[in-house]
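Residue numbering begins at 1 within each chain, and the chains themselves are lettered A, B, C, D, E, F, G and H in the order written.
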Amino acid sequence: MPIPSQIVSDLELDHDRARRRGYPEAVLCDAKTVDQVRRVAAECRERAHGPVLFTRADPARAEAVLGELPDALHVPEARMVAWPPRPPEASGGTVVVVGAGTSDLPVALEAELTARYLGRPTELVVDVGVAGLHRILGHLELLRDPAVRAIVVAAGMDGALPSVVAGLVSAPVVAVPTSVGYGASFQGVAALLTMLNSCSPGVAVVNIDNGYGAGHLAAQIAAPGPQPAD
Amino acid sequence: MPIPSQIVSDLELDHDRARRRGYPEAVLCDAKTVDQVRRVAAECRERAHGPVLFTRADPARAEAVLGELPDALHVPEARMVAWPPRPPEASGGTVVVVGAGTSDLPVALEAELTARYLGRPTELVVDVGVAGLHRILGHLELLRDPAVRAIVVAAGMDGALPSVVAGLVSAPVVAVPTSVGYGASFQGVAALLTMLNSCSPGVAVVNIDNGYGAGHLAAQIAAPGPQPAD
Amino acid sequence: MPIPSQIVSDLELDHDRARRRGYPEAVLCDAKTVDQVRRVAAECRERAHGPVLFTRADPARAEAVLGELPDALHVPEARMVAWPPRPPEASGGTVVVVGAGTSDLPVALEAELTARYLGRPTELVVDVGVAGLHRILGHLELLRDPAVRAIVVAAGMDGALPSVVAGLVSAPVVAVPTSVGYGASFQGVAALLTMLNSCSPGVAVVNIDNGYGAGHLAAQIAAPGPQPAD
Amino acid sequence: MPIPSQIVSDLELDHDRARRRGYPEAVLCDAKTVDQVRRVAAECRERAHGPVLFTRADPARAEAVLGELPDALHVPEARMVAWPPRPPEASGGTVVVVGAGTSDLPVALEAELTARYLGRPTELVVDVGVAGLHRILGHLELLRDPAVRAIVVAAGMDGALPSVVAGLVSAPVVAVPTSVGYGASFQGVAALLTMLNSCSPGVAVVNIDNGYGAGHLAAQIAAPGPQPAD
Amino acid sequence: MPIPSQIVSDLELDHDRARRRGYPEAVLCDAKTVDQVRRVAAECRERAHGPVLFTRADPARAEAVLGELPDALHVPEARMVAWPPRPPEASGGTVVVVGAGTSDLPVALEAELTARYLGRPTELVVDVGVAGLHRILGHLELLRDPAVRAIVVAAGMDGALPSVVAGLVSAPVVAVPTSVGYGASFQGVAALLTMLNSCSPGVAVVNIDNGYGAGHLAAQIAAPGPQPAD
Amino acid sequence: MPIPSQIVSDLELDHDRARRRGYPEAVLCDAKTVDQVRRVAAECRERAHGPVLFTRADPARAEAVLGELPDALHVPEARMVAWPPRPPEASGGTVVVVGAGTSDLPVALEAELTARYLGRPTELVVDVGVAGLHRILGHLELLRDPAVRAIVVAAGMDGALPSVVAGLVSAPVVAVPTSVGYGASFQGVAALLTMLNSCSPGVAVVNIDNGYGAGHLAAQIAAPGPQPAD
Amino acid sequence: MPIPSQIVSDLELDHDRARRRGYPEAVLCDAKTVDQVRRVAAECRERAHGPVLFTRADPARAEAVLGELPDALHVPEARMVAWPPRPPEASGGTVVVVGAGTSDLPVALEAELTARYLGRPTELVVDVGVAGLHRILGHLELLRDPAVRAIVVAAGMDGALPSVVAGLVSAPVVAVPTSVGYGASFQGVAALLTMLNSCSPGVAVVNIDNGYGAGHLAAQIAAPGPQPAD
Amino acid sequence: MPIPSQIVSDLELDHDRARRRGYPEAVLCDAKTVDQVRRVAAECRERAHGPVLFTRADPARAEAVLGELPDALHVPEARMVAWPPRPPEASGGTVVVVGAGTSDLPVALEAELTARYLGRPTELVVDVGVAGLHRILGHLELLRDPAVRAIVVAAGMDGALPSVVAGLVSAPVVAVPTSVGYGASFQGVAALLTMLNSCSPGVAVVNIDNGYGAGHLAAQIAAPGPQPAD
């Protein structure tokens, strides 16, 4: 039986097409050794192959990247390195990223940076957990701005914030549970279940601590598209 | 070695003391056969032994109780039968019972009736889930009334309401997760975990669907006591 | 302290605003008795309050709705009743709904109907599980159509289809795990975990069997662009 | 649509009201870096903003606090730092804190200190696990003292002590499972489940190792209030 | 390679030896159809093969046994049928069976009957849960009787009773968790974990609701001493 | 971009090729309504499309199949219907199917029939659980027969038999856990975990109660040697 | 109400009685700091209070004990220190301790030492896992010796050995799951479940890695017969 | 009763027979101390006892082996040491090992080496995850080669690749989940469940990260045909 070689080339082409849209590749650093991360960075430099986001990069891995790509942007609070350092021109709808507590900040920042490097205008709102409702209600104008096409909400512990936000807005909410908490939080499982069972419709859930995935999904949702305005 | 017979009599006496305070006994009906329930009810009648709350009583078990104790009060929506039918005179702080959705009503009612039969003044507020924040905020005056000493909050699905309520008040919140939901709600486990991980302090958690336990705990919290006013 | 009464009215107004956009209310029937469902339907009729989607309606509950709203549309395969029967004029991007196997059809249909009643043009593709890759690859043209702004993928058992689809397209994928399977599928948990761990970015996960939520989320994602301020 | 700015100010005011009651803020240190902890402590000093409890503070984080707030009270056994060092004048009912074993002591101490810094008179009873019943029975007089309005019970392993205590007293019991144990204790889950399933009514459960939450809840329960004495 | 036929005959002989000691065979009825149960009973009759205990026999299965073995003893409360009806002469140490609540009675009875049909003297103590400590303390003389060589304790919900009993006696305790409870009892898992984590040494745990296994184990523990060689 | 239509046709052809080898299609009946099963059977008849195995067919679904395919073979003990009734000529290595207890028989039979309908010679050995080792050791000659290329072992409860068998033979063992048991067997999860952790190498695990999958896998393993190119 | 002071003294006396029987106290070292362990050891020395077993003692904690009790016996392989070093005179039935693999040795040794220090004659058999049945069968004579009154079996991974042993002997088997394994062994949970679901009766289960508890239980089971009254 | 000594010798002989076939012994290093590993290696050298595979060997343990067996082959990427260094002559069907991502490489390599040291010809294919289908489709010719008798697929995260591969080939697939991932991957449990629920038949599952077991099983499946009797 002949090899269906056309399959491979067709699909491969399409893979390039996705890259041409400006979506960066992502390199999950914490599943790799420092040396593997360095080799990936070196390959990027040599083949001028980018843009690329290095995620979950601890100081040693970030340093390995910067050794090969000295002009890359390192944001330690988000454990990310981006190369080339400058994000693409922003287009499409705005992505708002909301973090419930200060401990959720790394995940929120990772989401915000990812969406920005995928080409969306972004806004960041932090420390607005449900224990003090006035905090999130103070941002209603932004959350309901018609230019906002996706809202990422990062929350740990009880994970209640996405339900509250989704009940206040009409844009889709991307909920990212964080592993913040202890005991029966089960490293983010409690927050994950809360979000999957949201009593408000319009909540899209991603994996625990997956700030990259949340930002990527939000950027896809808010992508500029051919649909006509009303 | 002599039997420490005094242990038994001392503790037994104390058991009676608890009963003298007017706290009813509870009979969990769904772990018993219809016939066992009937025998318990008959024994109550014969020994004029009360007050007693029959909880989780389906129609057949409720009927068995009423056959023996015809003057008992049956509240089908709460799956409860109370005997004697009249609750004690209300004393102590007020217990407010809050139900997130209409499906949480049986558990909320069970809590409210239990607190009332333990002698507290009660208030019931329903259908105030976090998907529409204006609903719970519309009851702030009641929730913050200084006469209110305990607030029971029953919620299923995401179980987010107790976190929100506890952030708005200074009275302790008794959170009772309900098995309302499907899929990853895991028959109330999702709501239970949310409540255990509340980002607001002051949330006391009881077992899933344990309206009786929530009402009992709230009544104990709000019991009249010897402490001086401010 | 005065009651913050403006809070309630402001938020309440906003709730109405959401309804004016044409998003129907949803009534989850299987958490309610037949009689409760009938009462809700009667209230809709009397107050001409609609549109409304009755979801997870078994024959008895569907009949209860139709007794009060005889002109409602009943789709037994999706366990849904919609009233009024006619969906709104379609606008915004297209929502494609993909079902892996024939047993996933009820959930897929529920998603498709929901998106349609929220006002989106929809397409339905079924029986395209990964055990026969040619089946999903045969629909690549549709899946990659620029008019498609969201793709719902319903799958049970291994739940692998959303990962495969998300790797083939650039639109966001709403993955809905179904409880189809047995043994270690744990009523959809296996599929849920697969989807949360998708190796392709761009996968938004909702609760097990939550076809309504998937369709609602997809309709929000594909909503017609820059929304004018009120 | 105008921003409901009054919402924010009303709720914000109320947040201050809670603080005026003397309830300290809590800073969960182990979810923060040493530097973040130091910045929080510095901010407290500069703004004379207190009282504040730093919980779950390991030596490095405690030292960071003390560097900024040299007069703070550090209780290493409870992993806590309190500032200002002096608790408020005690009022309201007494909070008794009971620890089952010596390994439960850090959690018990955290509860006791928290209740004291929230203004309650407290008593501490330790090493009274159910393997030697005479130990807890030797404290019956204290546990049944009418001045006692809340009893915190910290226990790991089988978590059986709260059931036993709640059966002996009429005050509400705040049960805090600890992660003491190994194997099938699952870091406190076994004790947590035991407590949620207590066969004695009147048991309020908080998260595993949540001594702070237990003490806070107990202090709220025992708060001085307007209800008349018997 | 020759078949190691001696293995089979040697081990088979031993199997018969165990039976000669008077330990009955057990037939777990609820994993078999009514017809399968009837066939097993008929085979017993025809081959005069006994003694045999039919466990977990609902009315239909018990009736099937009695149709073939009319002189068998049926104890509906324990869901057991024993044949021949008369237990062997009692020998060895006494087995005390303790049931925490009335709902644990079927499991406790199953354990007691099994121990009796394995030839031990038995005692049954019921309704002595830890919510009222005086109840179990009232039986201390029996529990500490030197003739008692094993104590079975059946308990559901919090499963705390075995820890308490094991702390009071020096005989080994066989703890059998029951599925009595609801919500976070997880059909007996909470009680199982409590027992596995007992803070008192000397607790042997068997499967949930395994009254037969508990009674069998207790009978083996209390078997008459230094067994003579065959 | 052109549709990669060749992909579909190439893969589709291959799908037919698999069918030409004589591997039947499987219809999982319990995930379908009686009517859906009937329609599938009718379609088989009309298109003379076979062979097909209807698995997990309860009496109603089996009857629906037989109404359309009267000459099909129904094996109620295995809950299977095969059409056409005659299995293909046997070829390849022998598949031995071993069932630990009588309650494992339905799953064992399903595996045996599946392997037979995929064209393998089969042997069935039942009631050889590890509680009586002589039983399995009595079949060593068969298990070690060089003609045997795969051994399916179905076991519930402790699931220990596959470890024992794999230690005795050199052929690969396909372990299928069954849901036989109660309490902490968790519907087959205990047996599944036992098998995944086998201390003997050479154990292939399939889903709980998946007799069809076990038989299919064994038949593939034992397929006649070096397959000729098409 | 007077304090039931007699309760305490009666029970306390009994606690001493247990100690007079020669059962040592156990100090679980890994839940304590090095300093706490040292203090306990010093107290033992000063009050000549023994015998005592220090369990789960890593090198640092063992050294702390030996610093205070230089003549204590340290068995590093069992992570135990015993003081005084000499076990009591052996009496009662023999306890055989069986370890499945070499990695189970620490737990097996801990059980063997505990039984010996509780006064039983002991035997140790190791490396007899079910992957090579000839290994355990080679010890049948010992296992079936009538002098053997209890058999401890320690096993990790599949945990199948206790089922096999219990099927070969008539003495009770104390099964102790170990955390040996990886992946789906879940730190001993797989072995624990296997043991709880043993298809052989007569298996008593203790917590994961609880060698001390297994040895203690076995020693109680094998205690010398009809105990004389005090 | 005489000891069935023939049992032991018969089974022992058979154990040697298995070794004579050239299957190496495996030493799981990470459950052993460095010193224990060294002693095992020394014993191999002294008794010229081989072949042996040291698996899960970190650098320290590998060095311990090489100190005793300097000519052994160390493959750090697979954490394996093989001795003697040369694998046996290849025979039987080909084993193809497929790794989804680069992080799955250690497990894939372990499987490939194991199969090679058990005497099979092997092929390795890596970085072919389902997020880019063209990658695995580019290897269809190899995967469908009639000489291939078993395909090992190692995958973490969503674990979807085995389902896809099994749908493309007729050889059995040995699926080995890896612990690659984070959050709701639960250290490989998500991938494990995906594989157990594969919608394609012909998938044999082994434990998480069990590359050795996967390679061993595949080598047994692909063993050269009808084995001659000894």
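What we mean here is this: a contact is a pair of C-beta atoms (placed from the backbone, for glycine too) under 8 Å apart; a residue touches a chain by one contact, two chains touch by 3 or more.
Computed from a predicted structure; not experimentally measured.
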Next on the checklist: Just to confirm, which listed pair, A-B, D-E or G-H, duplicates the contacts seen in A-H for more than half of them?
Outcome noted: G-H
Item to check | Per Cα centroids, the chain farthest from subunit D | outcome: F
Checklist entry - So, what's the distance in Å between the C-alpha centres of subunit C and subunit B? => result 36
Checklist entry - When the C-alpha atoms of subunit A and subunit G are each averaged to a single point, how far apart are the two points in Å? => result 51
Item to check | Interface hub residues of subunit D, defined as touching at least two other chains | outcome: 1, 4, 7, 10-11, 14, 132-133, 137, 144, 168, 181, 183-185, 189, 192, 196-197, 207
Next on the checklist: Touching residues of subunit F toward subunit H in the complex: what are they?
Outcome noted: 7, 11, 14, 18, 21, 23, 26, 93, 137, 144, 146-147, 168, 170-172, 174, 192, 196-197, 201-207, 212-213, 216-217, 220-221, 223, 225-229
Next on the checklist: Using the touch definition from the top, list the residues of subunit G that touch subunit F in their complex.
Outcome noted: 100-101, 129-133, 157-160, 163-164, 166-168, 181, 183-186, 189-191, 193-200
Checklist outcome for this item: Within the complex, subunit H is touched by subunit A residues 1, 3-4, 7-12, 15, 28, 30-32, 36, 177, 179, 187-189, 192, 207-210
Checklist outcome for this item: Interface with subunit D, subunit A side, in the complex: residues 102-103, 132-134, 137-138, 140-141, 144, 180-185
